[in-house]
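To keep things simple, chains are lettered A, B and C as they appear, and every chain counts its residues starting from 1.
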Amino acid sequence: MAYIRKRNKRIFLIFLLPAMLVLFLTTIYPMLYAGYLSFRSYDLAKLFVPRVFVGWSNYGEILGSSEFLHALVTTFKLMAMTLSVQLVLGVGIALIVTQKLPGMPLARTLLMIPMMISPVIVGLVWLFLYFPELGYLNYFLSFLGFDSIPWITSTDWALWAIAIADIWQWTPFVMMGTAAALQSLSPEPYEAAMIDGNSRWDVFTRVTLPQLKPVLVSLMFLRAIDAFKIYDIIFVLTKGGPGDSTEVLSMFIYRQSFTFWRMGVGAAASFVSLVIIVVLITLFFKSLNRDQVS
Amino acid sequence: MTRNLRQNILVYALLAVVLIVFMTPIYLIVSSSVKPSPIMFQKPPAFLFTPTFEHYHDLFAMRPFTKFIWNSLIVALGSTAFSLTIGSLAAYAISRIRHKRMNDVAFWILSMRMFPPIAVVVPYYIIFKSAGLLDTPLALIIVYSTANIPLTVWLMKGFFDEVPLALEEAAAVDGYGLLATFWYVTLPLAAPGLAVSAVFCFIFSWNEFLFALMLTGSEAQTATVAVMSFWSSDAVQWGRIMAGSFIILIPGVIFVLTCQRWLVRGLTMGSVK
Amino acid sequence: MKHLRTTALCGAVLLGLAGTASAEGHFEGVELKMLAIGDTSVTRLAPIVSEFEELTGASVQIDMFPYPGLIDKIVIEASSDSPSYQLMWVDSPWVGVLGESGALLDLTELVQRDAEEIHLDDIVPIQLQENTWQGRLLAFPASGMIWHQNYRKDLYENAEESAAFEAEYGYPLAPAQTWDQYIDIAQFFTRSAGETLAGEVLEQDFYGNAQAYSRVAGAITHDFFPIMRSYGGQYWDAETGLCAMDGPEAVAAAEVMKALIPSNPPDYLGLMWDIRTGYMERGETAQSSYWSVRTVRLTNPEEAVLPTIGEAGYAQSPTGDGNPQPTMTGALSFAINSKASDVEQQAAWEFIKWGTSRDMMRRFAEEGSGVSQFHMSILSDPELQARYPYYQVLLDAQENAQRRIFHPFYADVEEVFGVELNKYMAGETDSAQDALTNACTKIDTRLRVFPEELRLRWINDEPAAIFQ
């Protein structure tokens, strides 16, 4: 490509530099500090001056701990629950609000509101809704003739309760992205498909969905990163309970670091979880690239 | 015709269900913010009551809430502007440099978003303390930018990939330098992407709680922390929290409404990676 | 007393200060910042700090933060060498961890110096002990708490109900003195909508009691400990310094809580602080035990429904066998950062004296919805007692009071017992013994890292040196 000459390449690197530098400078110290901590034992008497070098024992403890494993599994469970529902619901709602009918732009705007609320406040609002007896949710259920559900107080439901609050907040994100993509799809394939006499469902699965795929992958990818770090909603709603049913990785790290003052173990857990997510995302990219090649 | 009518009715019915489900929590915020405290929790919930504005009054009487909203604005706008500037430059470079290592660079930048925030709170506290930046909006702008820059790079790269190279080449032929090409040709075409990135950076910075709690005091406290501070040792002061939540929702809505035209176009282009 | 006065004089001469009278204007230009939450006392003080500023010349800025996360912020602040905050709001169980890390200034000398000015003799001693760590007074009470029971006086005095109760249980209906009675009363008053209560048909369910079983903000452990203590249970093994909260007394307490579930509102596992007290405040439960900081609402029709539909009664917390047993106390207190400069510490102490003084406390009580009091003369004041009938209970309860858990590992205990008790209440752990043994095992794993000598020091409740 003639356009990109040597000199330009250097300028491009200069473009890249500020971002790299800022990110490097702002993350290197915290990362190093956390790395340092992860090899140290805590010392209660001097809270944040860990002195004792303990080698890999913090990592050993994390990897051998059933609590960490449980937290990891719970994180992925929650991720699967929220992402799948957000995907289906987001696409579904996008199909509704992209109909060329009066009132739809307003509906789109209203539906974006949940995304704009702080996750801690989302947690509080849902806490309000979930109170088994005083909350609105069970009141509506009883109104419709259903039994009340022990949302955040039963180990069977609590994870769903967290998932629902997260789904409520972030489905609009998927909806927004999908709606935008839907509106820009070129009409030709549809006309062709319609002429061929395919049913609506066939058109959707064979024509629309493949075109949406890149958008959806991209949206899900961003959601996955955030879902892996989910913290605020759980901190407010259940704090990991009842029992340990909603104890995700972030809560595990929080409890180790701040409740138990075991900053070393918390830091080790952070690195282990970082490795896990990075490996998963690399695999994701690999499989994506293979798809694109084939 | 009847088929169309029936179909429209179905669409509106579904929309009604969706709106009811998604708007109930919003209704809860609004109604609780004007509900007198003794009947805040009641079985069945009180739907009809004489609204009171005491919670709104208390919010401003008991905390310098206007100042906290101002702080939030400075932090959110500051981090958004900063992240967009250097993030889109970096994204442009990544998009244009043809080198196989560029994927790794993009990935490294994105991975900055993946470290659990809870693990870096203490180190950030120590740095800002020694730099004298504790309890200043700048500290939060820096921290939020480490999350916002990767997002901007990720989103903007998609947009720049879509801008036809032919246009840039034409500009180069016309004698535009690289920066001028970027500024006058590429960026306007990717403007919707800037809107999308701006919205997400703004929303994240506006709403963040953990760092805002740990790194600020009375000077730079953000509105989100101030609202949550009505969770006290003996009570969650629901009315005031809901009133505060409603107020801090408004800037976000205004911001999104302003950007909405761009947003729709923006999400379409960029996300098609 | 004479000795105290001499000390006070010496101190004053040495420091060049002499009490408030001459502290006026002495702190011109000193800037104090307080790391606090918006609890009753801080919320009342914040709007009137200008009065203190006029008095002393020091300026005070109170920053209010959410309760969840506050201790994390205090600990991070305490780990820093140059403090941003000179004053800190402290919940009394935190004195262990903060004392052990040397974060708080020892107030002993200051209290001794100003004993008369702060009416030391008039302060309920246990409220001071609450803030003591290894004999050092590390914080000063701003709000004193007692765990006690609230009940529906109007229902207990209803002839029909009390006759029915006596017929069913064989003893007269009165505020429960033992937990067995508490359970009986709870069962007796649990009614469904449609049944009658005190001659009226209920429109909605009525509950026998409202206890908290939620893990959020440690609610369930706060409810568990008073019961465990009232059975005579100990927190720690005096020989080893390890967890003793799985003994028979603790098991009995967990079983009491379990037995109360059927007469609790159905959202028992989600009940936390104000949600639980809400049931009492709306008059939807016959009895409920909690910290006295919220009791004042039961006397105020603007904050609670109950005063408009019935009447609240107050009594000490029940015990295992009806004989006096330790009552749970707590204190919400103000403390001084040990790393603040000398003059800042002096000014901060002036602020604490001003904000917790007897005059200020009386002023709060007279203005209505007062903070939880800790001066004996206020608690026994007949006029105030008429307005706040529970004052007498607070005063009586202090007699057998023993302080709350103050171990540096308090946060672990609250968390671990929260998890395990919560599991037991939810039916996931078979027996109370299993749940408590699990919890103790987890705590001990962490404690065994430390030498026994240290563990024993941590559980030693040395009396505050202020009384020597």
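Rule of thumb we're sticking to: a contact is a pair of C-beta atoms (placed from the backbone, for glycine too) under 8 Å apart; a residue touches a chain by one contact, two chains touch by 3 or more.
As the structure is a computational prediction, the values presented were derived from the model and not from experiment.
Among the remaining chains, C is positioned farthest from subunit B, on the basis of C-alpha centroids. By number of C-beta pairs in contact, the leading pair of chains is A-B. With centres taken as mean Cα positions, subunit C sits 39 Å from subunit A.
Distance from the subunit A centre to the subunit B centre is 15 Å, each centre being the mean of its Cα atoms. Multi-chain contact residues of subunit A (touching two or more other chains) are listed as 48, 131, 133-134. Counting only residues that touch two or more partner chains, subunit B has 41-43, 122, 126, 210, 228, 231, 236.
The set of subunit C residues that touch two or more partner chains comprises 68, 72, 76, 275, 278.
Residue ranges on subunit B touching subunit A, taken from their complex, read 8, 11-12, 14-15, 18-19, 22-26, 28-29, 32, 41-45, 86-87, 89-90, 92-94, 96-98, 103, 105, 107, 109-120, 122-124, 126-127, 142-143, 145-146, 149-151, 153-154, 158, 165, 168-169, 172, 178-179, 203, 206-210, 224, 227-228, 231, 236, 238, 241-242, 245, 248-249, 252-253, 256-257, 260, 263-269, 271-273.
Taken together, the subunit B residues at the contact with subunit C in this complex read 37-43, 62-63, 121-122, 125-126, 129, 134-135, 210, 213-214, 217-218, 221, 225, 228-237. Residues of subunit A touching subunit B in their complex: 1-4, 8-9, 11-13, 15-16, 18-20, 22-23, 26-27, 29-31, 33-34, 48, 93, 96-97, 99, 101, 103-104, 107, 109-122, 124-126, 128-129, 131, 133-134, 136, 139, 168, 171-172, 176-177, 179-181, 183-184, 214-215, 217-219, 222, 225, 228-229, 231-232, 249-250, 253-254, 257, 263, 266-267, 270, 273-274, 277-278, 281-282, 285.
Considering their complex, residues 44-49, 130-135, 148, 150-155, 235-236, 238-244, 255, 258-261 of subunit A touch subunit C. The touching residues of subunit C, when paired with subunit B in their complex, are 33, 35, 37-40, 43, 46-47, 61-69, 72-73, 76, 80, 82, 84-85, 91, 204, 273-275, 278, 281-282, 284, 291, 293-294, 302-305, 332.
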